[in-house]
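Structure first, commentary second.
Each chain carries a letter (A, B, C, D, E and F) given by its place in the written order, and its residues are counted from 1.
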Amino acid sequence: MTHVDADGAARMVDVSAKTVTVRRAVAAGRLVTTAEVVTLLRGDGLPKGDALAVARLAGIMGAKRTPDLVPLCHPIGLHGVTVDLTITDTGVDIVATTRTADRTGVEMEALTAVATAGLALIDMVKAVDPAASIEAVRVLRKEGGKTGEWVRPQDRP
Amino acid sequence: MTHVDADGAARMVDVSAKTVTVRRAVAAGRLVTTAEVVTLLRGDGLPKGDALAVARLAGIMGAKRTPDLVPLCHPIGLHGVTVDLTITDTGVDIVATTRTADRTGVEMEALTAVATAGLALIDMVKAVDPAASIEAVRVLRKEGGKTGEWVRPQDRP
Amino acid sequence: MTHVDADGAARMVDVSAKTVTVRRAVAAGRLVTTAEVVTLLRGDGLPKGDALAVARLAGIMGAKRTPDLVPLCHPIGLHGVTVDLTITDTGVDIVATTRTADRTGVEMEALTAVATAGLALIDMVKAVDPAASIEAVRVLRKEGGKTGEWVRPQDRP
Amino acid sequence: MTHVDADGAARMVDVSAKTVTVRRAVAAGRLVTTAEVVTLLRGDGLPKGDALAVARLAGIMGAKRTPDLVPLCHPIGLHGVTVDLTITDTGVDIVATTRTADRTGVEMEALTAVATAGLALIDMVKAVDPAASIEAVRVLRKEGGKTGEWVRPQDRP
Amino acid sequence: MTHVDADGAARMVDVSAKTVTVRRAVAAGRLVTTAEVVTLLRGDGLPKGDALAVARLAGIMGAKRTPDLVPLCHPIGLHGVTVDLTITDTGVDIVATTRTADRTGVEMEALTAVATAGLALIDMVKAVDPAASIEAVRVLRKEGGKTGEWVRPQDRP
Amino acid sequence: MTHVDADGAARMVDVSAKTVTVRRAVAAGRLVTTAEVVTLLRGDGLPKGDALAVARLAGIMGAKRTPDLVPLCHPIGLHGVTVDLTITDTGVDIVATTRTADRTGVEMEALTAVATAGLALIDMVKAVDPAASIEAVRVLRKEGGKTGEWVRPQDRP
């Protein structure tokens, strides 16, 4: 594990010698809730209002707070974030895409966007469904940097 | 949904008239990773070092940042947080317990602790297992306040 | 001025002896922009999308950051925030209402909500109208606490 | 509006392909208050103390918090901030200048500096003048980047 | 050590059952620098300007950030902060006083105020004296709560 | 003093024209406490647990918060941080090393890492030794940038 030294002490790894290149990461996850909540989120016959916008914003703003939340993450220039939400029959699919032109990858920023969007969704539905959960927060793909492209293997859920 | 008004506009619900009572919430989740990473985290024959401590701290500090991350959450007095991590054969089980003597529940704080501990774990293992995921971030139980005790129903995963 | 001592040194005034009471403040302001932007915000014939939701959320989250932004403000329990936005012929009217049951008033939180909602609006319209401005950020009324009710005098703009 | 996509969903626009160039923005605004407060701020015969320094610092520190406050703003390198305050007969004129060598402009940082300096001023004078207001928060000029120089048109207030 | 459990795991200790009482803490420290810098800070014949105000504000604002900085500290209501700076022949003496009516003591807030004021002072003088140091950051006394009054023993430096 | 202009007004100095170069800073300090606490921290015969990890993490995360804490500091890319802790007979020696490839030096980040690690240590030992102190927070050396290498002179403590 690169984040601890030979004695096991945590450190923020030195990346000052790495090259500034364009990097992109895509992460996903999903809110699992009840049919009743899905109907409310779909807003059939009612103003669905800001619910999805709140989650989208929470995801974008959460991505910017990544170095505050993940102790050994570098504070980097975050140059683009989108959070796409799709209402399904069992909840909400969350996909976040992050981009940078800097010295490290942005997969932690994408994962943090997904996690905070998921937390915001739970916060909004918890009065109706206190058992809602966030599932499968994971990286789908990343591009750029020394390691180049990585795509989630099919044998991983 | 209580967090939007009749027109669908997001708001932070007024809780100034609610009573100050002791409240507790327990949330859980888990990191799913490879056998190779589990061996590293167990640290057999090696200094396992700060890895679990980093995740525990990330969870505790993340709980304190909840009102910064979850747009409609109230900033409240957070009076106790524990984050328990257990290494399993497939990853790490995360359980967070939060306590307050204030006007709203602390389940969002417990969920945020679990999510940030999970993000910190992924950050530490991602060089070895870029496909690690966070699963089943959910409330297990909550106590106190007007609604009293709530325990996760057995029919919800 | 209460925020500086007899020598002129800034301080955060001691309020530990003040009573916990319910307090409320209402502040307002407005974005002034072009007719073209007003049409876009109204979204006639187009998805107006998240624009107003972004400003509403920025206002609510900004209110929570007040003690981080205003150097001598106390960090207090903020127990309710609403941000109401009305599109007019010349821009957007912003009204924020904040509530607490704590030891100090919440007019700075209401003003900060108005100012951050205004900044978010400018950010969204600046590509179309770089000359948009925020006007008349002011307290309309406050209630509760030792000083009781205060209503903006009619002779002040 | 560039900050929402074709469906109206908010996003942080991708700027990773933009060029790093030196950019500068100047924004302004003003505190409007009573003659009594102006006399206090001028400090005739008294130590005026830290009042203006508090507002100046609030403005500089507020500029650094811009990406935390304005949801769709990029976190960028902020390479210079000045906040100039001038006491007038009706209040305080606020002018903020921000500079960067990065991929986006810094007009939101300049506007945030003006707004937070204004909020800090209101906080300090509100015990004497609870009706003080912030007026005309606007960009005066910006330079650098692809769009080059922009100067506030004379027909805009 | 109360901040780790029987297995050595860090935790934020539960204080929800503790009584809300008025508490006060006084901490101190000092900047040690050169005679040249002392002359500049005294500002003889020159505008000494905002230097001391910057440090005072940094201390007050730093006290508010204590729960963000000290991992196991509780976020509490901070009800008063003063930071007193005295220029001496060898530098600047820093004394911070913090007050609360809440469930835990405020000595960490007082110490954080002293440390951040000291850091701000070093930042301002480092171009002239890069070897300036912060010394003797320590609690002088605390009052209130279950343990009552504690005064620094004379045999501790 | 570069941080104030000719009139004494604080400012964040413009560094947009400075060159991006690799820079490094090393700062140090120490916790001074009792023999009893040293025994606890050494953990002889007991799980010493997370105590040192908490301080190490506080230091690393504190370094990232430097521009939030030190009013006139630039927000910069922080590309590496290590915090080394050594238990001595009288307390804990703290050494922080920070690296960047950006436009300003990182000595304030190194000093902030030392100060926050020290505050976290005091927080953990204060129940046993309320008189623990932080001593000698100072820069040991810095490298890179226009001024090149600087090593603490031997005649400074």
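Just so it is clear, a contact is a pair of C-beta atoms (placed from the backbone, for glycine too) under 8 Å apart; a residue touches a chain by one contact, two chains touch by 3 or more.
In this text, all values refer to a predicted model and were calculated from it rather than measured experimentally.
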{"item": "Shared interface partners, meaning chains that touch subunit B and subunit D", "value": "A, C, E, F"}
{"item": "Touching both subunit C and subunit D (chains)", "value": "A, E"}
{"item": "Separation of subunit F from subunit C in steps, with touching chains one step apart", "value": "2"}
{"item": "Superposition rotation for subunit B onto subunit F, Cα-based, multiple of 5°", "value": "180"}
{"item": "Euclidean distance of C-alpha centroids - subunit D vs subunit E, Å", "value": "30"}
{"item": "Distance between the centres, which are taken as Cα means, of subunit F and subunit D, whole angstrom", "value": "31"}
{"item": "Two or more partner chains touched - positions in subunit B", "value": "5, 9-10, 50, 53-54, 56-57, 61, 65, 68, 71-72, 75, 77"}
{"item": "Residues on subunit D engaged by subunit F in the complex (per definition of touch)", "value": "22, 53, 56-57, 60-61, 63-65, 75, 77-84, 99-101"}
{"item": "Subunit A residues touching subunit C - in the complex, by the definition given at the top", "value": "50, 53-54, 56-57, 61"}
{"item": "Complex contacts: residues of subunit E adjacent to subunit B", "value": "5, 9-17, 67-68, 71-72, 74-77, 102-103"}
{"item": "Complex interface listing, subunit E residues touching subunit F", "value": "1-10, 29, 32, 40, 43, 46-51, 53-54, 57-58, 61-62, 65, 68-73, 107-108, 111-112, 115-116, 118-120, 122-128, 130-139, 142, 150, 152-153, 156-157"}
